[in-house]
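Okay, so subunit A shows up in both of these, paired with subunit B first and subunit C after.
Take a look at the complex of A and B:
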């Protein structure tokens, strides 16, 4: 009985092979008739002695969107049966950041287009019940997962492609629906949105300073444009730009500052805008223990107060303040961003600030600059840094610096 | 963006109850160093097997045992006194009338011991995170560097997170204890970040063991700059996730059995980060009436 079955199977296989062989020849002929004549094979470089790793196929400068699309197009045109498409897609996903297309929706749609259409749609309830074509579905989920990871929102074409490939009730479709449910919910959750492109350093500095100043009344001032400046004492040219910000409140705060106490130029502090890190400097003072006594109006009588401050709509328990001590910190007078954070540049900023704040001419200015912003900590100045501090009268700090 | 919590709290709250009760690993690590939050039977590739006999997991030091006993009786005393005083150790009148409550503030090194700092270091990553008191000993300063390079162990695809988590409250003699925040509807934080987005994770005590990885998350966007930032996050905004994946069946967070609060950074940007925290508190926002911000489909 078993031998009979074997015989039958072998016969079947033989027939199939024959059919396959005939079909193969037939297919090539058809292909040649339809398509343009196949291009010649690439020159045989690998003769057994030389093996090129596939990482080296594309040079670093060739790794762009065009060559990425070229490879996918080559695959799609070469194999009509799309054999090995899962492997191709997974490899492509891995290489997407290298080619700089990891945030390109068009490329993701093209990758989903590699799947053969309508083959993986379940046709009956058993197929639907079990994981129909699991490897392909997982591969499509991986594509969607990478889209999600890079924050790429799918569009209608993605949905159409998934519908065509896997059908309505498939796992990739579920994943697509989840993304489309949650992404729009959190799209505007961030109150501090960062624009996509900020290439101009002045615009970037203005944007950052307005963000951290958190005051609509504050005004940004461009102290130096990043133009190429020929400086007489420097050998080369410097592309410095100094953009500062100060609000009217800060101006009045600085005007009330005790001229015997020094003000500090503190920095660099880091600010992250998505994946770029910029640095800013703060003009501030150390916290003072002496509080200014606010003079009470001499005309005011305790028995007949001029104003009556009663919160009548408040209940006894309606105390919305938190029972915490205020963090003692010195006032912030101004902030700036420069392309180079040395004392000379910051001195020019202080000199520019003198126009609006004449008190800076009398107040000593300390530079408390840490060498590496990576190790930025709000520690009290250590002994080492104290030696680096430069104290001088603000009337001629810049000239003094320039002589050095 | 938001949905990709993939690595954020993948390994955050998976401390087994065993280590919690005997408090071996948690007590052994100092507050500013990298602690392991990830303890289970699974052994990651590349790590040697831990062939220890069971008795080596216990510390038979008598002095430590006596100290432990003292601590537990102290806890018991505190529990009894608090119970006599009123709900949560406050007089009833105060507890009913209070509109705000400060949960954590950072004024001395003892306050830092209520927190655990961890990073992807424990899954083989290269991020670092440290916690210390800030300037003037008035704030907590969480700093370090994020590194998204995934460990090459053949199974990890993503890496790069740094996290800080409060230690779960413990009752006397290893009993569980919870925070009851049901009087309040918003979380209030005063922080000063560097512009990076963080994630607030809340863990409620699970009823079934398969919910032990459930976390309730929302985002904490920092402004950056030299000024303090007051952030108020209503509890209705917190969404349910498990093992870093947002769940389909969402429900509002039940506030009567909160065990831990955590903050996670995982914004995929390599580089140093810092976050200064003044305090973390609760407030009752009468203007906020929303029960749940997402559809429940029930």
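Take a look at the complex of A and C:
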């Protein structure tokens, strides 16, 4: 969580520099092909053989959907003959991510609307046979390509525009049909969809934990809401939140845990949600070597026998179980996500867990915290990357250590 | 109804004679019925698992002597009159209470002690006669359940496992109805799992009392009862010196103190019966009140439950017979399109269905009751469970069809029909749900067959040439089309020729069933306990086989002695057997290994999807993806 925020801050700073550089050359007039100091270009996708008169139009400070639409509108109003529309569209395509409209269907439709209508529709079989208006068709395909890359499903209006511009038997139309063949089929291919926006850290944590736990009966608990908190070892202030998850099964599993064996707080482990990486910690134990043989009490079921007293095993032909080399893994008792993965915060989590799991008061808790999450965000100075492993004496109750 | 009638009834109870066709002409006093007289070879149902028919067990159909018949009809008449004239079922249902005078009437009729021996002041009736009375008492679901909770389970513990002192102390008052009994097993966390019984009885310091603590839920008669059969955990020292928690049964009187009950539960059906929570708080139970041994409660509970079920068959049949006459009257008077309802074939079909079901239920119930009344320790628990499953499901189906015949009328609270529907729903649930009983039926048989077949199957798997050749030749003969003859028809036959077809069907099904069981055992071995879908089919086939046996046996007897309308019986029996034959064939096919008809894998998968999501999983039909 912390690393994310740092990453975000760094990025904002980066953009600001960009703007400063381009601020003085900021123009709103369209088609002014004058020299301006080179601005930070969006990534070049094509050969770039054409002149780029529209680049500077997009290089403005306000980068949002409204300003993007403004530019397109200006172009459309200025030139009734739509001269240079291919250049405009291709430039616009490249700038879309910068304006944050790369997933906006409305914008794509508007871009396609820039094409002059009916001019490019082939009129006879010869035109149809050859690539009629190749640059325009290719440009439209590029628009559709970009939609495809960003997973934007076209709609009826897109089809209508393509029909108006290029006609039924054209390459963009073919592309459109192909997209429409596959996209709806892939719509629910991922059964574990991640919502578009998850900004609230608590909600994000809840979502992630439920996703990992994959148990509908488990209950998420917010042990600490994000709040401003003074930290003695750091001058700044820190938001911490602890969100934990535990299922009834895990509660009973933990209750049966042998108190002489320590439990481990293990982490951080990473989880990627689209472009976000988050970290979580698990409370687990080392695998027990002795497996308890569950003996069926013959006097258990009042109504029917639970086992048969037979000397016959399952036939090999009906044994569909796989021969699996089972990796011994210890039981997982609970999971949590916190904004800071230090031992103190995790200790507070363990203390919170004690309410539902009184056994944690007797069991020694070991913190096995490996390299901290911040290593993935090199800009941020971290202070917790030391690997810690704090052995806990059996006699010492957990909460003592927590308050140290 | 007065005490007088009861006295009259008592005087009629001369020592009965139980005759068992030509096979069993022995006379024996009723009181000896519960005494072990030597082991029976095996029960009929278990024999079916091996593909054999022990025809001696079920042919001829059990009958009672003329004296007994006269006696029972004299008993039945006043009870019938009482139910017709003095029981207001509508009021009982509405007020959710059986009026005191009705209860008094029942007590005066002796209905609270039907099976309690005469020496303890009961009627001392046999199982068959109990079943006969059950037909009438079932006309009101609430009363039937109250009576059943009292004597089929409530006091059964004292009756079958209690010692002489306990019997002498408690049975007289229970028989007269002065005290009502209740059976306390179910707990908030324990239905059929004895391991989760939490109620605990600890021996007091002086060793004279057990201190009982805990609560029980859904106790029928819980609010009315004076005497409770309570199951609780006690510490028992094992042979090897370790202490273990085991279930023990106690007789608890309300007078012992510390017994409180919650308010009566509001139920869907059988509303007049009293069901409530019970709490025991430091109730002091004398050690003499332990039923059976300390730590032997599990067996007691199982025996009580197993023996209490058979009567549900006759009870359901009684209810349906009543329902048939009520709906038939309606169907023959109501006109639509200038035609009587009874002229429509779709309505006729429903009556035929109800008649068949009632006939089968009756046949099964009295066959089982007759088997239980035979000397020797009756091992009829599987049969009783089958009767319960078949009759409860049949009753539900018939009541539903009856309501269909009545149309909107059946749905109205002004008429009694919807009450029958509500009342009959409990039949599928209590005394062991039908699902659990199916497991019991199938697994008990599997255990029995497995014991006998293990050696053979092992030889087969080891590749013993002789056994393999035997199997191969058997399969070959079967595939050529061998006719199965298990001795029901022909020279030593026991079945009347007009039922020969049906008997052949039964024989063929039985033979195939035996093969299927062997196949299942060799495929799954002892892991068959986890193959519940297969076990359900096994149970269904077995129920059908038993039902076929019962109707063939009964109809054969009827036709042989020339009972009134015996031709109807033959028709009903033949119809049922053909139907059951096809069902069985289908089920047997599904039990095969690579059966196309078997959709278990798909069923498991669907259930998995749904249960993972804990919801219906499909998208709405109106949903779109673009």
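Here are some notes:
Keep this in mind: the second predicted complex is superposed on the first by the 280 of 404 C-alpha atoms of A that agree within 3 Å, B and C clash if a C-alpha of one lies under 4 Å from a C-alpha of the other, contacts with A are read in each partner's own complex, and residues count from 1 in each chain.
Here is the rule we go by: a contact is a pair of C-beta atoms (placed from the backbone, for glycine too) under 8 Å apart; a residue touches a chain by one contact, two chains touch by 3 or more.
The structure presented is a predicted model; accordingly, all values stated were derived computationally and were not measured.
Within the superposed three-chain model, A:310 lies in touch with subunit C and out of touch with subunit B [touch as defined at top].
In the superposition on chain A, contact of A:270 is made with subunit B only, not with subunit C.
By the touch criterion defined above, A:359 reaches neither subunit B nor subunit C.
By the touch criterion defined above, A:155 lies against subunit C but remains apart from subunit B after alignment on the C-alpha atoms of chain A.
Once the two structures are superposed, subunit B and subunit C can be ranked by residues of subunit A touched, with B on top. Once the two complexes are laid over each other on the shared chain, residue contacts for A:89 go to neither subunit B nor subunit C.
Looking at the shared chain after the overlay, A:188 reaches subunit C, while subunit B stays out of its contact range.
Contacts of A:337 after superposition on the shared chain: neither subunit B nor subunit C is touched.
By the touch criterion stated above, A:321 is placed in contact with subunit B alone, subunit C being left untouched. With the contact threshold set out at the top, residues 183, 185, 187, 317-318 of subunit A are in contact with subunit B in one structure and with subunit C in the other.
Those residues of subunit A lying in contact with subunit C across their complex are 153, 155, 180, 183-185, 187-188, 216, 297, 299-315, 317-318.
Residues 145, 148-149, 151, 178-179, 182-183, 185-187, 189-192, 208, 211-214, 269-275, 277, 280, 282, 284, 316-325, 327-329, 332, 335, 373-374, 376-380 of subunit A touch subunit B in their complex. Here subunit C touches subunit A in the complex through residues 185, 192-195, 246-247, 298, 301-302, 305, 432, 436-437, 439-440, 443-444, 446-447, 450-451, 454, 457-458, 461, 521-529, 593, 613-614, 625-626, going by the rule given at the top. Residues of subunit B touching subunit A in their complex: 1-4, 6, 96-100, 102, 105, 107, 134-136, 138-139, 141, 143, 145, 158, 188, 190, 194-197, 219, 221-228, 246, 248, 267-274, 276, 278-279, 281, 283, 294.
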